[in-house]
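Chain naming follows the written order as A, B, C and D, and within any one chain the residues start at number 1.
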Amino acid sequence: MSNRPRSSGRHFLQIPGPTPIPDRILRAIDMPVIDHRGPEFQKLGRRVLEKVKNIFKTKNNVFIFPASGTGGWESALVNCLSPGDKVLMFETGQFATLWKRMATRLGLQPEFIESDWRIGADPAQIEARLKQDTAHEIKAVCVVHNETASGTAAPLAEIRNVIDKLGHPALFFVDAVSSLASIDLRHDEWGIDVTISGSQKGLMLPPGLAFNAVSQKALEAAKTSRFAKSYWAWDDMLANNANGFFPYTPATNLLYGLDVALDMLEEEGYDNVFARHIRHGEATRRAVVAWGLEVLCRDPKYYSPVVTTVLLPPGHDADAFRALVLETFNMALGAGLGKVAGKVLRIGHVGDTNDLTLMGALSGVEMGLELAGIPHRKGGASAAMEYLAEQARKPAQKLAAAE
Amino acid sequence: MSNRPRSSGRHFLQIPGPTPIPDRILRAIDMPVIDHRGPEFQKLGRRVLEKVKNIFKTKNNVFIFPASGTGGWESALVNCLSPGDKVLMFETGQFATLWKRMATRLGLQPEFIESDWRIGADPAQIEARLKQDTAHEIKAVCVVHNETASGTAAPLAEIRNVIDKLGHPALFFVDAVSSLASIDLRHDEWGIDVTISGSQKGLMLPPGLAFNAVSQKALEAAKTSRFAKSYWAWDDMLANNANGFFPYTPATNLLYGLDVALDMLEEEGYDNVFARHIRHGEATRRAVVAWGLEVLCRDPKYYSPVVTTVLLPPGHDADAFRALVLETFNMALGAGLGKVAGKVLRIGHVGDTNDLTLMGALSGVEMGLELAGIPHRKGGASAAMEYLAEQARKPAQKLAAAE
Amino acid sequence: MSNRPRSSGRHFLQIPGPTPIPDRILRAIDMPVIDHRGPEFQKLGRRVLEKVKNIFKTKNNVFIFPASGTGGWESALVNCLSPGDKVLMFETGQFATLWKRMATRLGLQPEFIESDWRIGADPAQIEARLKQDTAHEIKAVCVVHNETASGTAAPLAEIRNVIDKLGHPALFFVDAVSSLASIDLRHDEWGIDVTISGSQKGLMLPPGLAFNAVSQKALEAAKTSRFAKSYWAWDDMLANNANGFFPYTPATNLLYGLDVALDMLEEEGYDNVFARHIRHGEATRRAVVAWGLEVLCRDPKYYSPVVTTVLLPPGHDADAFRALVLETFNMALGAGLGKVAGKVLRIGHVGDTNDLTLMGALSGVEMGLELAGIPHRKGGASAAMEYLAEQARKPAQKLAAAE
Amino acid sequence: MSNRPRSSGRHFLQIPGPTPIPDRILRAIDMPVIDHRGPEFQKLGRRVLEKVKNIFKTKNNVFIFPASGTGGWESALVNCLSPGDKVLMFETGQFATLWKRMATRLGLQPEFIESDWRIGADPAQIEARLKQDTAHEIKAVCVVHNETASGTAAPLAEIRNVIDKLGHPALFFVDAVSSLASIDLRHDEWGIDVTISGSQKGLMLPPGLAFNAVSQKALEAAKTSRFAKSYWAWDDMLANNANGFFPYTPATNLLYGLDVALDMLEEEGYDNVFARHIRHGEATRRAVVAWGLEVLCRDPKYYSPVVTTVLLPPGHDADAFRALVLETFNMALGAGLGKVAGKVLRIGHVGDTNDLTLMGALSGVEMGLELAGIPHRKGGASAAMEYLAEQARKPAQKLAAAE
C-alpha cells in the first residue's frame, strides 16, 4: 500500500472500537503531565473517580487500571475467585471465548454454554444450568454484555432475574467493554457484582484504561480470594482511591481525557446516547437486509446497537473485501474473528458518531460490494437513509415547537 | 440552540471554505512559536517561500501576508495600479461584486461586465470589451477563478488567449482564493500577473494567510504605482523574503501549517487532488439533478469542482433549510449570498475530503429536503453513489493489477 | 547548525514577542475550524468582541483584524487621517521609526521628535512641540507605549494631560503592541483615540491578530478621512461586528485562542499580571547592574516591564553572543535593531512566564557572558534571585495567613 | 489552593517522573486512533517493536504492555518464576521495598538485603549472599537500577560479574523504570534476563506503557513457570508481536508517542543523553553541598544522574517546603517516600530538560529555602551555574572549531 497516494479526507473508523476520539478529548490528553502525588492530581483523581460512577449507574467503587479491557477481565476474576473455582460462561463469540481461555489459564474451571455466535447470552440456558447446580459449585456467572465479534447483546436484567429467582449465590460478572456508554447498563439496579470495561469504545478515549465497577458482595468476596495478585489487587486501590490517588503511577493523560469524556456524555445526555446507538443499529440492519445480505445475529432480541456483523455470501472473502474498502474509500471495517474469520465483516456504529457519518459508512459498504463483485441488491444506503430521516423528523418537529 | 444536547460525531463542514483542516496540519500549527528573526525560522521561511511556488506553478515570487484573502485582493490592486485606473471585472457572483466594491473604495474605476451569476467569467464578453478599448485605458482584467458564491469557474487559459490575441497590455489578476490547490492553476503558463489566494480553502489551513503570486510584469508595474501603501507593499516583502524573513511579524504558526499542507498535497499528487475535486463536483451535480433541483450554474463549461450552488424551488427559504440541517445533522452548508440570499444553498466539496464524506453530506441534504418538506425526488444520494463507484472501479482495477 | 544534536528540553523564548504560548491556548487554536457565518461562530464573535474590551479598559469598540500589529498601525492612520496630515511622533526606538516610515509611505507628514532611544516618549518635549502648534496643524500624536527595541515605556497618562492642558485637538494614537496585557493601559480613562495592539505579546497568542480600540472621537474622525481604504475600513467592521461577524473571513482559530487567553488573564488577575511584569523587569535590571553592564534605558521613569535592552561593552558583538547562547543553551534573546544593531541584546520578560523561567534565562545570560569572554562581574543571577525571593515572601506570608 | 490566582508560565515538573513531555511527542499522541488490527497499525507495531530494542541495547524481544511500570515488575516475576521461589532483592529504597512487597503478595519468597537507603545495590553484599547459596535456591536476583526514592544508582555490570564469577544460575532482573533512556543500560552485554521499564521517565512519554526486555534464558525459564497468568503472559505477546500485533488492544496512542520518542533520543544521541543526565546530577549535588545540605546518597559510587534526594535539617518538614515551593514558584518537587517521608525532598533532573531549566529549578529551591526559613548557605545555584558553564565551554569550543 506504500506506493499509493495519500488518502484524502477523514478516515472512517467503523470498527467496533477503538472508536473515533472527539477533538476535545484528544486535546485534553495532549496536555502536560503533572505530578500524580500532587494536589492538582488529587482533585482530578477525586473528580473522575466520582463522576465515572454515573455512567455505570452505581454508587459503589469503580476501580481504574492503566490497562486494556482484558486486564479488567483478569482483575475481576483474581480478586473475587480462587484457583479451581467453577465459573459459568456463555459462548457469545470471540470475546467470550477469549475470556474463557483466560479463566482456564488462570486455573479456574470455566464451563461454557456453547452457542453458534448468533445470539447473545440466553437467560433460559443460563437458568437451566444454574438450576442443576444445587451444590452451588458455580461461583460466578460471566456474561459479555455486547459481544463485539458477533454483534449480539445480552439481556442483563433478565439474567439477573434468573439468578435471583433461583436464589443462586453466584457472583454476576459483566463484560461491558464495548457496551458501556453506548448501551444502557445499570450496575446497581441489575445487581452486577463486577462490571468490566475499557476506555476505547463508548467512552471515546484511546485504549489504556480498564474499569471494574464493583458491588459490596464483590468486595466481600475479595477478602477470601486465594489468588496471588498485586497489580490487580483491589485492596490497594481502595485505600489509595479514598484520597484521589492510585497505588502506582496512573495513566494521567488518559484521566484528563476521561474527565472530559464524562462531561461530554452528560452534555449529550445518556439516554440520547443510548437512543442514538439503537437508531444506528436499526439503520444498519435495514441496509444489510436491503442488500439481501444476512445479519449474523439471528434473533432481534439480541441485536447489538454497537456493531452489526454481516455474513457475506459463501465463497466471498470478507477480508479481501475489507482491504478493498480500506484502500478505495479510506474506511476501516471490523474483521471476522475466530470461527467466523473471513466470513463476516463488522460495521461498527459506536462511540462519537452521527447519522451522516453512518450514511457515509454504509455508502462505502454498498460501493465496496459493487466494486468487489459481491452479489447484492442496491438500495441499502437508501433504506438506512429513509429510516434515519423518519427518526429525525420527530425531534425536529418537537424542537421546532419548543423554540 | 443552547438548550439542545451536544451534537455527536464529527461536524460536516460542507461550506466552500474554510475547509476541514487535517489533523496533521492542526498539530503542526499547535507547536510553540519561535523567534521570527532566528535561524530556525529562517529555514522555515526559505522552505515555504520556495515550496509554495509549486502549487501556483510559478517560478516567480509568491508573497505571503498575515491577512485574509481579501487582503490579497487589496495588495494586488494597490501594488500594480494607481488611483483612477480603469479595471475590467466580470460579475461572476458575490465575491466578484465585493472585489469590485473594494476597487471602487480604493479609488479605481472598475467596469463590471454584468451577468446573472449563472456562468463564470466569459472570454467572449471580455474579448468584446477589450476590443473596444483601443486606447488601452483598461489597466487590469480581474477574474475570479472559482466564484464561491455561484459555483462557477472561469476558463483562465481562454481569457489569457483573448488578451494576447488582442495584444492588450492590461495586467491579468486572478482571484484564486477558493481554487488554489483544488483546481489546476498555472500562474506562469497562463501569464497571470497576480494570482491572489488564501489559506483556508484548498490549502486546508485556518484562515489568516493571503498570497500574491506575481509576474515580472507585475513587479515592473509596481514600480510606477502611485497608491500610498505600506502593509501591502511588495518592495519590503521582496527584500526580506530574499533571506527567508518578512518585513513585519509573520503568522508563524500558520507557516508551520503551510509547510505541512504543501507536503500533503504533494503526497496526494496535485493531479489526484484536482481529479478528486472534479469527481466530487460531478457526483454532487448528479445528486442535484436526481432530486429534480436546479444547479445555479447553467452552462457545463463553467461548472465548479469546488462548490455546487443549488436553487431551491420558489417559496422555500434556503436559510431555514440550512438551519434545519445544521441542527438535525450537524452539517454546515453554505448560505446564499447577495442577490441569491435565501434562494440557494451551497454544497462545498473542497479541500481535504473524500467520497464517503461527500456521501454523508449528500445524504444529509436529501434527508433535509425530506424533513423540510421541499418538493424533490428521492435518489440523489444514490445517483452520486453510482457515479462514485464507477469512478472508483478504474483505479481499483489498475491498482489491483499493479500490486 | 544542522549537524548539531537535537537541543533537549524546553526552548527559552526570551525575546520581547512572540511570547511563549500556554498549552491551553495552543490546544484551543488546534480545534477544527467552523463556518464563520454560522450560529456557533456568532456566539464566539460576540463573546470575544465583548471580552476583549476589558483588557483595553474601554467600553468602546475594539476592532480585530487578521493581520500583524503593523496592520493595526496602518488601520489607525488611514481611518482617522487624510493624506498630507501632519502627525507628531517620538523616536523611542526602532518601532517608532518604522511607524514613522509607514506614515511617510502613506503620504502623511510625520514630525519626529528625535531621541537617543534611551528614554520613552517624553511628555515635556511633546508639550513643547504642541505648544508651538497654535494652528493645530498636528492632527495626531503617536506614541509607542512600550518600545520593544529600546526597552522603554511611555507615561501615557502624563502625555494625555499635556494634550488636555494645551487644549490641543490632536488625536492620541498609542502603539500598545508589546504593552497590552503586560503593562496597565486605560484606553478610556487616558483618552486614547486609537490603541493599536497585536496578539503575540501579552495576549500570549501566535501572531496574526491586530487590534484597534477606538474612541468616539476617532470614529467621528473616520467619517471625514480621505484615505482610500478597504481592508482596514472601520465602517464595515462596525456594521458586521454588531452581529458578532466580520466583513471578511476572520482568523477563526486565533479567535478561539483569544477567547481562552482573555479568560486566563482574568484568572490570574490583571493587576497580578502587571505586577509580575514590573517585578521581572526590576529583577532583570538588578542582574544587569550586578554584571556591571548597562541598561540602555537611562532614566528609571521609562523602564520597561516587558523587555530589558542591555548594552554590551564596546567591541563585543551582541549577535555573536546571542548565537552562542542559542546554540549552547537553547535560548533565544532579542537582537539589537536599527541603530543599536549588534550593540545590544534584549531580554524579554513578557507574556506567560514566571520567576523560575526568568532565573533560568538570567542564568543562561550569565553563563553566556562567561563563555563568550565578555567582561562582567558574576552575581547577576544571584542578585535577581535575592530580589525575587524578597518579593515572593510577601504574598507567601499573606497567603499563609489566609489559608 | 483554589482561591489562588492562576499560576503563570510553564510548570516546573522536577519530580523523578513522570517527566516533561516534549511537544512533538504530545502532538503525536494527539492523533486519531486507528484500527489495531489493520495494515497501518501493523507497520507502526513492527517499527516500534524493532526500534525500542536499541534503547535497551538488546537484540532480543522487548514486550510492551498497556500498564504502569509496576505491571512490568509483575510480568517479569510471574513469567519466569513459580510460587514459592526464593528471590534476592536489595533494599535501595521505597521502590525496592514495593517490589519486594509485590513478590511476597505473589507468593514468592523474597529475601531482602537491608540497607539504609543511602547506597545503591552493593555488589559485595550480593556476592556474599549468593556465595552462601550453594544449593542455588535463589532463583532470581532483583536489582533496582536507579532507585527513584533515594537517588542512588546500582553498578549493574559489577553485579553481573559477581553472579558470573560465582557461576550462580539465578536470573538477573533489573528495574530500569527510571533509568532507561537516562542512564546507560546494556541489556545484552550485561546479561540481564529481564529489564523492566516504563514510559514516563527517560522515554518522555505519559505513563501507560510497561516494558520487559528479555533474554533467551528468561524465555526458557518462562516455559516452566507455574504461575497462573494471562494478561502478562509472554507467549501470547511473542506470537502476536511477530506480525507487529498485540494479543489484546494496545495503547495505540502511546505507541505513536513511543515512535517519536525513540527518534528524538537518536537525534540527540544516546551518549549525549546519558552525559546530560550525569552533568545535571553533578550540578545539582554541587548546589546541595553549597547550601550546606546533605545528599541522601552517601557514596559517590552510587550517585544517581536522574534524581537527587536531599536531606533537610532535622525539624524541618520537607512536605511543607515542597508545598511552599509549588504554590510560590509553580514547581513540583518529589516527596520523600516510605521511611524518609517528610525528611527529604527529591529534585528530579530526568527526561527532556536542559541547563536553563535546571538553573530555574535550583533557583527555585534556593529561594524556597530562604522563604521557608530553613538554615542554609546561599550560593547553591551559583555553584551549579559555574559547573554548567565550565561543562558548556568544552563542546562550545569544539563546535566552534567544527563549524
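Simple rule for what comes next: a contact is a pair of C-beta atoms (placed from the backbone, for glycine too) under 8 Å apart; a residue touches a chain by one contact, two chains touch by 3 or more.
Note that this is a predicted model, so its numbers are computed, not measured.
A.B. asks: So using the touch definition from the top, which pair is joined by more C-beta contacts, A-B or A-C?
C.D. replies: Of A-B and A-C, it is A-B that has more C-beta pairs in contact.
A.B. asks: Using each chain's Cα centroid, which is most distant from the centroid of chain B?
C.D. replies: D
A.B. asks: How many Å are there between the centre of chain B and the centre of chain C, using C-alpha atoms for each centre?
C.D. replies: For chain B versus chain C, the centre distance works out to 35 Å.
A.B. asks: So what's the Cα centroid distance for chain A and chain B, whole Å?
C.D. replies: Using C-alpha averages as centres, the distance is 44 Å.
A.B. asks: So the centre of each chain is just the mean of its C-alpha atoms; given that, what is the distance between chain A and chain C in Å?
C.D. replies: 53
A.B. asks: What parts of chain A, by residue number, touch at least two of the other chains?
C.D. replies: Touching at least two other chains: 20, 27, 30-32.
A.B. asks: Where on chain C is chain D touching in the complex?
C.D. replies: Per the touch definition, chain C meets chain D at residues 1, 3-10, 12, 20, 30, 264, 267-269, 272-273, 276, 324, 327-331, 352-361, 363-364, 366-367, 370-371, 378-379, 381-382, 385, 388-389, 392-393, 395-396, 399, 402-403.
A.B. asks: Once bound in the complex, which stretches of chain A touch chain C?
C.D. replies: 23-24, 27, 30-32
A.B. asks: Flag every residue of chain A that touches chain D in the complex, lowest number first.
C.D. replies: 1, 11, 13, 15, 17-21, 26-27, 29-39, 66-71, 74, 83, 101-102, 105-107, 198, 200, 206-208, 227-231, 233, 247-254, 323, 326, 332, 334-335
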